[in-house]
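Both complexes shown next keep chain A, but they swap its partner, so chain B is in the first and chain C is in the second.
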Partner chain A sequence: MSRPGFVLEVDDRTPPLIVHEGEGFRLEKFPTGTRVVYSPESLPGLRDVDGAIRQALDNPENSEPLRALLRPGMKLTIAFDDVSLPLPPMRRPDIRQRIIEQVLTMAAEAGVDDVQIIAALALHRRMMPSELQHALGERVYRSFAPDGLLYNHDAEDPDNLAFIGTTDQGEEVEINKRAAESDLLVYVNINIVPMDGGHKSVPIGLASYRSLRHHHNSHTMVHSRSFMDHTKSAMHHSAWRMGRLLKDHVKIFTVETTLNNNVFPAPYEFLNKREWEWSVRDQASMLAARRGLAIAPSKLKRRIFQNVQAPYGITGVHAGETEAVHEKTLANVFRQQAVEVQGQSDVLIMGVPYLGPYNVNAVMNPILATCMGLGYFFNSYRGQPLVRKGGAVILYHPVPYEFSQLHHPSYVDFFEEVLAESTDPATIEERFEKQYATDPWYIHLYRTSYAYHGVHPFYMWYWAAHAMDHVGDVVWVGADRRAVQRMGFRAASTLADALEMVSGTVGRSPSITYTHNPPHLVADVR
Partner chain B sequence: MSPSSNKSPVRFVKETVQEVRMVARGWRWGRRPLVPRSAEPFQPAKQPTVFPTAWARTPIANAVRDVVQRVGLGPLLRSTVTPQVAGLDVLTKVKGPVLFVANHTSHLDTPLILCSLPDEWRRRTAVAAAADYFFDTWWRASGSAMVFNTFPIERRGGTLSATPGDLLDEGWSVVVFPEGTRSVDGWVSRFRMGAAWLAVEHNVPVIPIGIRGSYAAMPRGRGWPRPGRLPVRVRFGEPIWPAEGEAPRAFAPKIRDGVARLLDEDATTWWDATRRAVRGDTPDPTGEPVASWRRIWAQTAPPVEGRRRGAWK
Partner chain C sequence: MMLALEMYRSLPRYIAARAVGGRIPGVLTGPAAPVRLVSREEPRPTGAGWARVKPILSGICGSDLGALFGQTSLYFSALVSMPFVPGHEVVGVLEDDCEDLPKGTRVVLDPVLACAARGVERCESCAGGHTNRCDRITVGHVSPGLQTGYCADTGGGWGGQLIAHRSQLHAVPEGLSDERAVLVEPLACAVHTARRAQVPDGGSVLVSGAGAVGLFATLAMRELTNAGRISVVAKHPRQRELAKAFGASDVLAPDEVPARVRRATQAFRLAPERGGEFLLGGVDVAIDAVGSKDSLGSVLRVTKAGGRVVLSGMPATGADLSPVWFRELDITGTYATAGREAFQTAFELAASAPLDGVVGGRYPLYRWREALDHAHSAGRLGTVKVAFDLRSSR
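Up next is the complex of A and B:
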């Protein structure tokens, strides 16, 4: 039986606690009285995953069974979540592979010939062949990729985009043409956080910049409180309007899956456990990992971390009509991640790990570290933020002044040129977004190389807009001073220094909350 | 800091030592691990495991223990505290097995009782010890079983371990602390039913024992007695027999009254305590409901022997 999440109050019995910081972690002794939010323990995974998939496809929510929707001569498109999910990548076989194999088996039995499989990556970088093989398996890849029937969505190919229409709020809906013109679009999702899934899948994953700009902007992000709660997220409201419009034009069969919190494999299992329950072996593993990382060259460290593959269990598979499916999916996600927290605090502390959705197999650059800390982690709440309005946020990450030239070319220019002018999301959006979004070189790299779209760093910055609007002070512990200064933040060497630095905002004896994340959690702040 | 100094072997060794120390302190190496208070409600219930202790009552183990207790435990105890024992002559009136029932305030209580007993009684006495405390690791379990002849008893579960009854049937006397745990302030707390149930079920007498001063000498939280060889008083009382057909629920208060009377007798005189007991005026061993510090204050004073009366006034 998995134990629920809970809020620890640090006392004299509390050992030092793990704080993630990029490609490493530290042991931190928090001040007495600090609240530490722990996610629920990993739920048991489904024993028969293939059986659960079959059951979901045969008995879908608000829809006919998948078999009944398949017929000879039809146009079938299967779209799936890209490399940004799950985090860390799942140990083989990936759940997308298991679902798509069953969908394809049914399609073959029904005599469907025209099948295409698309990675729904919107403006993310294209998936590499090895990543496609990892996500979909060798069988699917070998059957479809050589004929060009398994490919990455291209949001900058005007010939392969279809304009669907405009919502009642004037939002333009434009998605992948093949998907739009299919008799059936099956979308296979991995719902690792509550932000994912629902109408965020097709209307965003297969969309173009023209469509995305309506919800990926600083205004909606400031008014998404939080974007982990789709009922209170302006971004999701927009995506939902688009999804409802889209469903009148395309038959969509959604398959959503949820994972448990079994994030760290051996020998890093101690990172999944509560520290005071560490066995001697866990303590030894931690010490060995710490000391090993202290002397490992940075390339080796990166390889070690990027090679981590999580032994996730699957907690649910639901299929059918998007909204009905998503409701069940969210219930599963919150069952695994929701923790009740009483009230806000003056200071929120978060440790930013080595990996976010946009740096799989790459370094986490300063903008992505900000997006991870002030975007994803800050927004992991329902109700109200964990930190009070005008409070302070303390983040742990080395924030290296380092960018992947392959994946993040526009980030470098964004960091050097745009942030030098302003760090205000709205100002940046107004003055620079269009230029980056339409830059032919970035578009070329996005379409032909493995680069994120030119506008992507802007979105990452908007992701943090709500936090920047809400908090009064942001300090990074152990960070590169030059890098955080450019982003308008400050760096401290230790937690004590950081608390000293924010004392002007929150006083000398602030209430402190530390979110022990990962494993993922969503705070229900009452 | 230059990158080369980050990789300096001296610095690496220094940091490694610091981290090992931090872990040793944080995870209390060599001491019992502690759970943060706010995390206690979320701790999983420990799976009861039965640690075999029969080996500790084999003739060889008995012989080794006899030597350990006489040569090691006894002198060690007498070198750290000053035990004063009274009332041992009651043991001449009964034959084993018996249940020794005492109030419990300190880890000193078990060695005090064992080292106070005459050798022939000590060699045939076993001690009921909390399974979740003394039997949580193999080395603690083996050590306590070897030195004190302890056997595990489940104090949290509703079921009583079968072992104490078996031991009584085999002729072993058993030491039981019916409070189930050491007192937090030195005063007596609620007695559980286990001892009464055992006495009734196996028809054995209960020898009450009143211990005073062990809280002052070594309260909860201390790993070693306070310096100064503080006096600790152990007083054995008259055996209490369960009446024919008496229910454990009716017998239990008699055991508690027996211990309470001994504590009163030790603080005053036998005669005064007896008269008070007849009147039903025996002081409540749970103490006055006053501020916590006053309760602790009263118990941390070294015990004074009951009023000495000169033969000639």
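Up next is the complex of A and C:
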């Protein structure tokens, strides 16, 4: 029986606690009275995953069984979540492979021979062949990729986009043409946080910039409170409107999966546990990891962390009509991640780990670190933010002044050019977004190399718009000063210094909350 | 007799200058300096149309420093006569009546010693009004010398007196301060640069360098052309401020050039196996206002196919010219200035532009070592123009 999440109040007996900070972690002694939010313990995974998949496909929610939807001569498209999920990548076999193999088996049995498989990556970078093989397995990859039947969605290929229509709010819906013209579109999702899935899958994952700009902008981001609660997220409202419009044009069969919190494999299992419950072996592992990381060169550290593959358990597989499926999915996600917290605090502390959705196999650059901290982690709440309006956020991350030229070419320019002019999301959007979105060089790199789309750093900045609008002060502990200053933040060497720096905003005896994340958690703030 | 700084022929000092260059400027303004402070005969007018001029302020130009530090091509050795008194950016007072200009008139100098000054029949260039392209700069009444300040007979601005021909003189309007007037000659050069650049309406311009040449070129481009975005490459904070004040749309650090120009022009960016990155696409017009191998190489790599590269600084050798061939670039030289119209425009710019404080260092002649040191490090020290103040040198 897994124990639920809880809120620890730091007292004299509380040991130093793990705080993630990029490619490393530290043990931090928090001030007495600090509230520490722990996620629920990892739920047990399904014993028979393949059986659960079969069960979901045969007994879907609010839909005919998948077999009944398959017929000879039909056009079947399978789309799946890209390399940005899950985090860290899943130990083989990936759940997408397991599901797609069963879907393909059923399709073959039904005589369907026009099948294409598409990585639904929107404006993310293309998946590399090795990443496709990891996600879908050798068999699927070898059967489809050589013939061009397994490929990455291209949001900049006008010949392969289909305009579906406009929502009642004037939002243009344009998605992958093959998917739009298929008799059946099966979407395979991995839902690691409540923000994922639902109508965020097809209308976003297979969309073009023309379509995405309606919900990926500073206005909707500020009014998404939070992304983890789709009923109160302007971004999700837009995606939902698009999804409902799409539903009238394309038959979509959604398969959503949920994972448990078993994020760190051996020898890092101690990171999944509560510090005072570490065994001697855990303590030895922790010490070895700390000492090793302290002397390891940065390239080696990066390789060590990027090679981490999580031994996730699957907590649920649901298939069928998108909204019905998503309800079940959300229940599973919240069962694993929701923690009840009473009231807001003056200061919110978060440790930003080495990995986010957009730096798989790459350095987490300053924009992505901001997106992780002020975008995703800050927004991991329902009800109200963990920090009060005008409060302070303290983040841990080295924020290296470093970018991947392969994956993030427009980020470099965004950081150097755009943030030098303004850090205000709305101003940036108005003055620069279109230039970057239509820059032919970025488009070329997005389409032919492994680069995120030119507009992507803007979206990352918008993710943080709500936090920047809400809090009065942001301080990074252990960060590169030059990098955080460019972003309009401040850097501190220690937590004590950071608290001193924010004392002008929150006073000298602020209430403090530290979210012990990862593993993922969503705070239900009453 | 007058006090003057004199540049003289000395093989060991020339070799020292070539070897040390600008890396150890203290050596070249100290023990190995190829200039010396001397008392020498004042130059005398050589014929009709010539008059004596007493310099008030005389600027130190990048080309002067290039000669001093051994950076100038030996190509020019046939165009000068030693020993000479440098200094061609001059505002001074006429000591004699000079045709229509009475004694006591404040004047600035167009330093080119063209056919009219040399008393020879006008060459094709001079006849066409392009006196800066004169083909007779080694013959006639005065010794060889492409300009005043490189000629043994005329003296130069870094001395107590020089002689000038009426064709070289421009009366300074009432109300224009000496500090602004001494900038008229470099401003006239910038006007000429702007004309030669032939910027298309709305065209993008890159100015590499934010010393006096680059800043004035930026000012002239903004004031006299319909250029769109003007990007200026500047190293130092004061240069960045002035570039903006003079009309730059944006200011780049030298190592940002390929990335920022690519962004601004939406070009494609490529990295060869060796050497710097280059663009397919780029700016319409690039101006090299530094004259170094790196600066020229940089502007060649970021100018779009069919674009124009203007050599405004005295050029260095050694840059990779592959883009000139492959991208069919037009290379345009811009030397001194042609005719009175450019000076007239320069006077207007000198009167209206935000030039206060641009002459940031004024030295008497006897402090010439400090002056040259200051000029050599002007950018780093936040100075645009260093000048000799001859009033305090007499």
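Here is the rule we go by: the second predicted complex is superposed on the first by the 526 of 526 C-alpha atoms of A that agree within 3 Å, B and C clash if a C-alpha of one lies under 4 Å from a C-alpha of the other, contacts with A are read in each partner's own complex, and residues count from 1 in each chain.
Following the convention adopted for this analysis, a contact is a pair of C-beta atoms (placed from the backbone, for glycine too) under 8 Å apart; a residue touches a chain by one contact, two chains touch by 3 or more.
Computed from a prediction, not measured in an experiment: that's the story for all the values here.
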Partner chain(s) touched by A:343 [first = chain B, second = chain C, both, neither]: neither
Partner chain in contact with A:440 - chain B first, chain C second, else both or neither: second
First, second, both or neither for A:416, with chain B first and chain C second: second
Which superposed partner A:274 touches (first chain B, second chain C, both, neither): first
First, second, both or neither for A:11, with chain B first and chain C second: first
Which of chain B and chain C A:287 touches, first, second, both or neither: first
Touching both chain C and chain B, counted on chain A across the two superposed complexes: none
Residues of chain A defined as touching chain C within the complex: 412-413, 416-417, 435, 438-441, 444
Of all residues in chain B, those that touch chain A in their complex: 7, 12, 15-16, 19-20, 22-23, 26-27, 33-39, 41-42, 44
Complex contacts: residues of chain C adjacent to chain A: 256, 259-260, 262-263, 266-269
Touch list for chain A against partner chain B, complex: 3-4, 6-11, 13-16, 27, 29, 274, 276, 278, 283, 286-287, 290-291, 294-295
